[in-house]
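So, here come the structures, one by one.
The same subunit A turns up in both complexes below, where it pairs with subunit B and then with subunit C.
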Partner chain A sequence: MSAFLKLLFRNRLAALGAVVLGAILLLVLLIPVLPLKDPNATATADRFLRPFSEGHLLGTDHLGRDLLSRLLHGTRLSLAVGLAAALIAATIGSAIGIVAGYFGGRIDNLIMRGVDMLMAFPYILLALAIVAALGPGLMNALIAVAAVNIPFFARNIRGITVGLAGREFIDAARLAGLGHTRIIVSELLPNVLSTIVIAMSTTVGWMILETAGLSFLGLGSQPPQADLGSMLGEARAALITAPHTSVVPGVMIFLIVMSINLLGDGVRDALDPRLRSGALSRPRATTLVDRTGPVPEDDGKGLLALQQLQTEFHVGKRVFRAVGGVTLHVEKGECLGLIGESGSGKSVTALSVMGLVSSPPGVVTGGAVRYAGEDLLAMRYADLRQRRGENVAYIFQDPLATLHPLYRVGEQLAEAIRCHHKVSESETRERALELLRAVRIPNAESRLGDYPHEMSGGMRQRVGIAMALANDPDVIIADEPTTALDVTVQAQILALLDDLRRERGLAIIFITHDFGVVAQLCDRVAVMYAGRIVEQGPTKAVLAAPAHPYTSRLIACVPELGGGRRELAAIPGLPPSVDDLPPGCAFAPRCDKAQTACRQGEIALEGTGPRAVRCLFPEEAV
Partner chain B sequence: MHALEVTDLSKTFALRSGLFGGPRDGVRAVRPMSFSVSRGETLGIVGESGCGKSTLARMLVGLLEPTTGSIEIDGSALDTADPAAFGRLIQYVFQDPISSLNPRKSIRQIIETPLKRLYGMGAAERQARIAEILASVNLREAFLERYPHEFSGGQAQRIGIARALAAAPKIMILDEPVSALDVSVQAQVLNLLAELRARLDLTYLFISHDLAVVEAVSDRVMVLYFGSVVEIGRAERIFAAPKHPYTRLLAESAPVVGRPLRAPEQTGTELPDPLNPPPGCAFAGRCPRATALCRETEPPLETMGEDQLAACHHPIAD
Partner chain C sequence: MGRYILKRLASAIPVLLGITVIVFLIMAMIPGDPATAILGSYATPENVEKINRDLGLDKPLVQRYFIWLGNMLQGDFGRSFSLNRPVLDEILDRFGATLILAGTSFVLCAVLGIVAGVVSAARQYGLADKAITFTVLIGISIPAFFLGMMMILLFAVKLRWLPVSGMYAIYGGGDLPDLLRHLIMPALALAAVATGVIARLSRSAMLEVLRQDYIRTARAKGVPERRVIYGHALRAAMVSIIPVLGIQAGFVLSGAVYIEIVFQWPGVGRMLVDAILKRDILLVQGGVVFVAACYVLFNIMVDVAQSLLDPRIKT
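And then the complex of A and B:
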């Protein structure tokens, strides 16, 4: 709760809204103790007194009633009616929405078509019709405003519920013996409550305005009772001669609605988890680079080389050291495997190369990334962008998420080509066709016109690879490109990548968690744990005789086909969180060989020739 | 006696008929299939996406009503589609450990629900049972007041297993229980499951796409393709000596350390279209052994060898 308030008041406009609304509420609540005149006491002799007159701070209206008193009483009434209408609309609308979303099918259809019908009428017409049927009066105006706003809540909550009703925890609740009512009340409602609050906070102001509108037309509060709408309505006749009678309630309506809307937007922003995580804030075009130490000198190793790369995520006061000094390189025509478990920093390492880690919260805090000797981290954005796709290209895990769903794959390929080369329409088409053939897509010609959703997962990933090849890059970084695919399709994609590398002399950095894949595809392998490389070397040597205890234990965990039924080896414990790394070796708490020395100081990545290990007591001497 | 006996179970999802078109055939997600599982056995179920594994599993726990067929547990038929009736006999462990736990409920509330709703236990009784369940999945009691987002995937999966155990079922359906977990954690969960099975005399149906994992934990393995059973056999035999060409293709596609990389089949083969299923064997379009017979008549599941069954006109000889 306190975190919510802190977040809310960091938003200046929301804070302003809260202050204004708070002041209005305070005044309204203090009505009984304030020395106010009777709001309905007429004194025709004192008609239309100007503001700041003796005894009437805001003047009087056409019947000589004290405007200040009427204003405060009217505000109280308008606020109460608006809030009540919002509560009624939210309760009924959300109930309808949850029921429709949870049961789905015919019930959903029936309810939502009814709601649609309600929405088909212009809302003011509908409200007028309801009031006309029930007769004028504040209570009826309230009912009308509430009824008119039910569809908004019903649709909003139904949308959220449909998503939740398909989630596995609802199935689990059913298997645990819960009936429909209990599932709705105890499983669904707590999960949609914040959405209901958000929807309410953004509509209360609107409902106050609608009630005032009905009162203005004489359909809401009846004389002599004052609410803001009826005050405006009565003052209309004297708009020119005594403008203050309309300005006073007008300003109040303006203040109330504006402050509620500002506060409501603030509440929404503070409650919405996507906004809170910063996921909807626009990241910079390239990762922020803020290197404190000296930039490592070019050592001439490899086509693409990472030197002591450090990438951190700064979230509030916490610093997540996702990549803690990674050094690796890849030569032309070579395939380097980068292997590690989730959270080991392998994907962040890959994204840091071309400045694709989103900032905020990502920051590159040290090291260098060299492509043919040039430091990519020091490069201007325009130059870096020129190299994205042209020199270094990426293949991602989920091709459905990386391809644009609304463009044909041919158009997307063409766009990737035209980004870097000025070529004619027919030439791009020719080139796109060639690319699809290169990734062995059958009937390439007709496939150019397909949308991504029309293709199978394996075909989509082929398009993803074709796109990475579009500008003949020298380096391809493939981040778990086969994890989302079935095994038979995975085998095809791996074979394709291997062929392409040999045909075109591509350098590939292949990120995976699967030793089988690494063994089949990669020349060298680097093993990551908690943001650092713990071992690297030629794949065959590392797999046959792993030197780091983590590598050897991890290999033992992987079941291999053909072993029959057996007990599997496990590594006890969990990987450390990268915002709270232990001193010394990060694997020490899970390692059965760890000694005191392992828990102190920096341990270097050492070895001879192509192999290196970051361990004081390695399994094998390297 | 069989712990679970399934006869002619199938599921067809109805398609909405077009505005002007007549009624259309539905999508046959699971074609009529029969199999049985003995008490204390683990039956592995493998197949690729879209083969009907999850539809089958959801029917077995009553979350989905079968189109045809019957399910018998311990000799008594279960025909109702009331998950609570199923709940005491058969439970489900979900693939995604985090999304199968309600984010707004504490672990105690999650584990308590089946005790309350399925068995109507009192508070004191529940307390004792929860302690017992937590101990059996190696979780500390201090976790009870925490919420799901505070746990890692492996811990969350153990909470999911604890919830299933709370219902004291005879059979557990494990739907890809470790595929969302890292390998170092995956083995912890698999070993826990094996230990629980032995101690509590449970019967498992273990669904996975990872052949090596299935082989390591199962007694028998059932291979599904396009909604049908193509092969059933003992775990140690089925991938080593497959009868059905699809089983062999699966086994050859799994990446194995020390085996050179090659595509096990021609590129460009596409899965059959569920809206327009081919006549005959569904695998014929991808099968190197297919003949005209395969493209016309669907092969029945027949005993081949000792205790291996396969649905193939031209099975692979030993």
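And then the complex of A and C:
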């Protein structure tokens, strides 16, 4: 609770709302002790006195009544009525919602049908109908406003109750023999109470406004009693000659509603954990680059080379070192496998290449990414954009999420071509067809008009590959392109990628967590753990004789077909969190060969020829 | 698509019937004797009996409902006693004015709201974002009727740019420019709150969408940032913005009641308030049912628009 309040008041606008609302409430509560004039004492000789007149701080109205006194009394009335309406609506609405959600079935159906009907009205029509039936008057306006807001509560609370009603603790209560009423009151209600309160805090402003509106129309409070709305309604006749009589109550309504809105927003934001992590801020067009150290020199290795690349996520005060100095390269026509568990930093490494890591919170803090010798990290956005897709293209995991759901496949392919080359519409179409055929999509012609959701997972992944090939790139970075697919489709996709590499001389960086796939496709492999490369070398050599204990454990995790029954060796424990890495080897806590030396100081990636390992006690010497 | 529209129209029939039931039941709540309420001090026993007979109030509730419904279906909404003319004629005479006002406001709030929200999201935490967020906050906190009154003071009384109220000038005028001059202030005052709500929603919808995987795909393809935001992201965000447009149309229609009073606009809203104050029940009943039905039909149009935008909706 105190953490919540701290969060709430760190939001300066919410704090401002609280202060304004608090001040208004205080003034209203102090009415009995303040030296106010009688709000209903008329003095026609003193009508329409301007503000700051003697004895009348805010002036007088058309009957010579003191405006300050009427304002405070009116505010008190408006607040009370709005609050009462909110309470009534919340109580009845929540009761309906809980009953509907708890009993479900036909009762739920019937109630929610009724609620939907009520919601089919613009709110004022319903309120007007109720006031028309009951007759004008403040009490009736209150009933009307409360009634109009019941469906809102009923629907919200029902939604939450439905979720809760299926949970184990409700079943347990039922099995314990508790009656429906007991369960609702003692088990369900405490769990939905916070939602009810939040819903009330966001609607009470509306209800104050709505009752004020009805009074403004002359349908709410009747003279001489006046709430803010009827003060404004009465003042309207003299709007031009004595504007202050309108401005005074109007500004008060504005202040009340605004402060409630600010506070309500603050409450919502403080409760929404996504906002706290900064996840709702907009990612920039490229990843933020903020390199503190010197940029490594070009060493002429590979078509695409990563040198000491460091990428971090800055969330609040915590720093997650997702990529901690990765050096890799890939040659023309070569396929490099990048393997590791989830969270090892392989995807972030891949996305860092073309500045696709979301910023905020991602920041590249060191190293270089060289394409044909040029440092991509130092490039202006416009130049980097031209290389995206044209020189280095991506294939992503889960093609349902990575293809735009509202554009046809043909449009998405065409766009990939046309944002790099000025070609005619018919040529683009020809090229798109050619691409779909190249990735062996049957009936390519008719598929162009399909939306992604109309295709199977395998077909969608082929579209993703076709899109990556659209501009004949030199490098393709494939981020787990087959993880979401079933085995037969996976084999087809892998064969397709392999063919493409051989036909077009593509360089591929293939990211996966599956050594089986690496064995099939990759010339070389690099193993990642906790943001660093722990071993690399030619696939065959690494598979035959893994040097790092982590690598050998990973390989042992792959079940062998026809290998008979044997125990599958899962690796105990989880990868470490990259915001607080232990000194020394990050794998040490899970390694059965770890010794004290492993937990002290930096361990280098060392080796001879193409192989290297980051381990003090490797399984094999390299 | 044609079949989808028909299907949606058919599904509106129970909703429309439900609306008539609700309105009818509310009106049946009238405490005491409605005839006495209508007649006031003229409530002699003969008059009361005559009214009861005329309005069919001597029959049972269910029968009364079906008579009322049957008459409405034949275009007979009853007769307004305060205006002494058929209810439907009065509604139709005034509905045009409400449609012009609310329609203009709706277009204004949709266009301004979406543009403001998208710009705000595209320049998150920038100057434009802060300015828009601040304006929106003020916009959604000012009651429409108060904003209307302040606009009259500033633009009509002080600056004398625009006419104070009404739909047409009393002398001369009556043409389109005259109408537009009268329309500017009420339409803007009416649009203010809805614009704010739509702007807020559009902003958060855009921010949500901009984090989706397909946006990263678009960037990876090399799509220019401008097209990523105003093409890919906006299109996807519209899927969550359009339903809210339907809801906000209801708020615009509601606000029109206040604005018609403030600006002396000869629409249905003013008619309803007058009818309530005069206890002209048939006029209220007919007006409420008519406007609610229009709103239901408008929401079907919103659904159709949504299905045109989003191919995943089964039509």
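Going forward, the second predicted complex is superposed on the first by the 483 of 622 C-alpha atoms of A that agree within 3 Å, B and C clash if a C-alpha of one lies under 4 Å from a C-alpha of the other, contacts with A are read in each partner's own complex, and residues count from 1 in each chain.
In the analysis below, contacts are C-beta pairs under 8 Å (C-beta built on N, C-alpha and C of every residue); 3 or more make two chains touch, one makes a residue touch a chain.
This structure is a prediction, so every number in the text was calculated from the model and none was measured.
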item: Which superposed partner A:Ser53 touches (first subunit B, second subunit C, both, neither); value: neither
item: Subunit B versus subunit C as contact partner of A:Glu415, first or second or both or neither; value: second
item: Partner chain in contact with A:Ala133 - subunit B first, subunit C second, else both or neither; value: second
item: Subunit B versus subunit C as contact partner of A:Thr44, first or second or both or neither; value: neither
item: Which superposed partner A:Gln222 touches (first subunit B, second subunit C, both, neither); value: neither
item: Partner contacting more residues of subunit A (subunit B vs subunit C); value: C
item: Which of subunit B and subunit C A:Gln386 touches, first, second, both or neither; value: second
item: First, second, both or neither for A:Ile124, with subunit B first and subunit C second; value: second
item: Subunit B versus subunit C as contact partner of A:Asn109, first or second or both or neither; value: neither
item: Those residues of subunit A which subunit B touches in one complex and subunit C touches in the other; value: none
item: Partner subunit B, residues of subunit A touching it in the complex; value: 167-169, 171-179, 182, 186-187, 190-191, 341-342, 440-442, 456-457, 459, 486-492, 494-496, 498, 513-517, 519-521, 543, 553-554, 557-572, 574-575
item: Subunit A-touching residues of subunit B, taken from the complex the two chains share; value: 48-49, 58, 61-63, 83-84, 86-87, 91-92, 94-96, 99-105, 113-114, 116-118, 152-154, 160, 163, 166-167, 182-188, 190-191, 194, 209-213, 215-219, 235-236, 239-240, 249-265, 267-268, 270-271
item: Residues on subunit C engaged by subunit A in the complex (per definition of touch); value: 15, 18-19, 21-23, 26-31, 37, 121-122, 124-125, 137-138, 140-143, 145-146, 149-150, 152-153, 157, 164, 204, 206-208, 210-225, 227-228, 232, 235-236, 239, 250-251, 253-255, 257-258, 261-262, 272-273, 275-277, 279, 281, 284-285, 288, 291-292, 295-296, 299, 309-312
item: Parts of subunit A lying in touch with subunit C, wherever the complex brings them together; value: 13, 113-114, 116-118, 120-126, 128-136, 205, 209, 212-213, 216-219, 232, 236, 239-240, 243, 246-247, 250, 253-254, 257-258, 261-262, 279-283, 285, 351, 354, 356, 358, 381, 385-390, 393-394, 396, 398, 401-407, 415-416, 419-420, 451, 453-454, 464, 467, 470-471
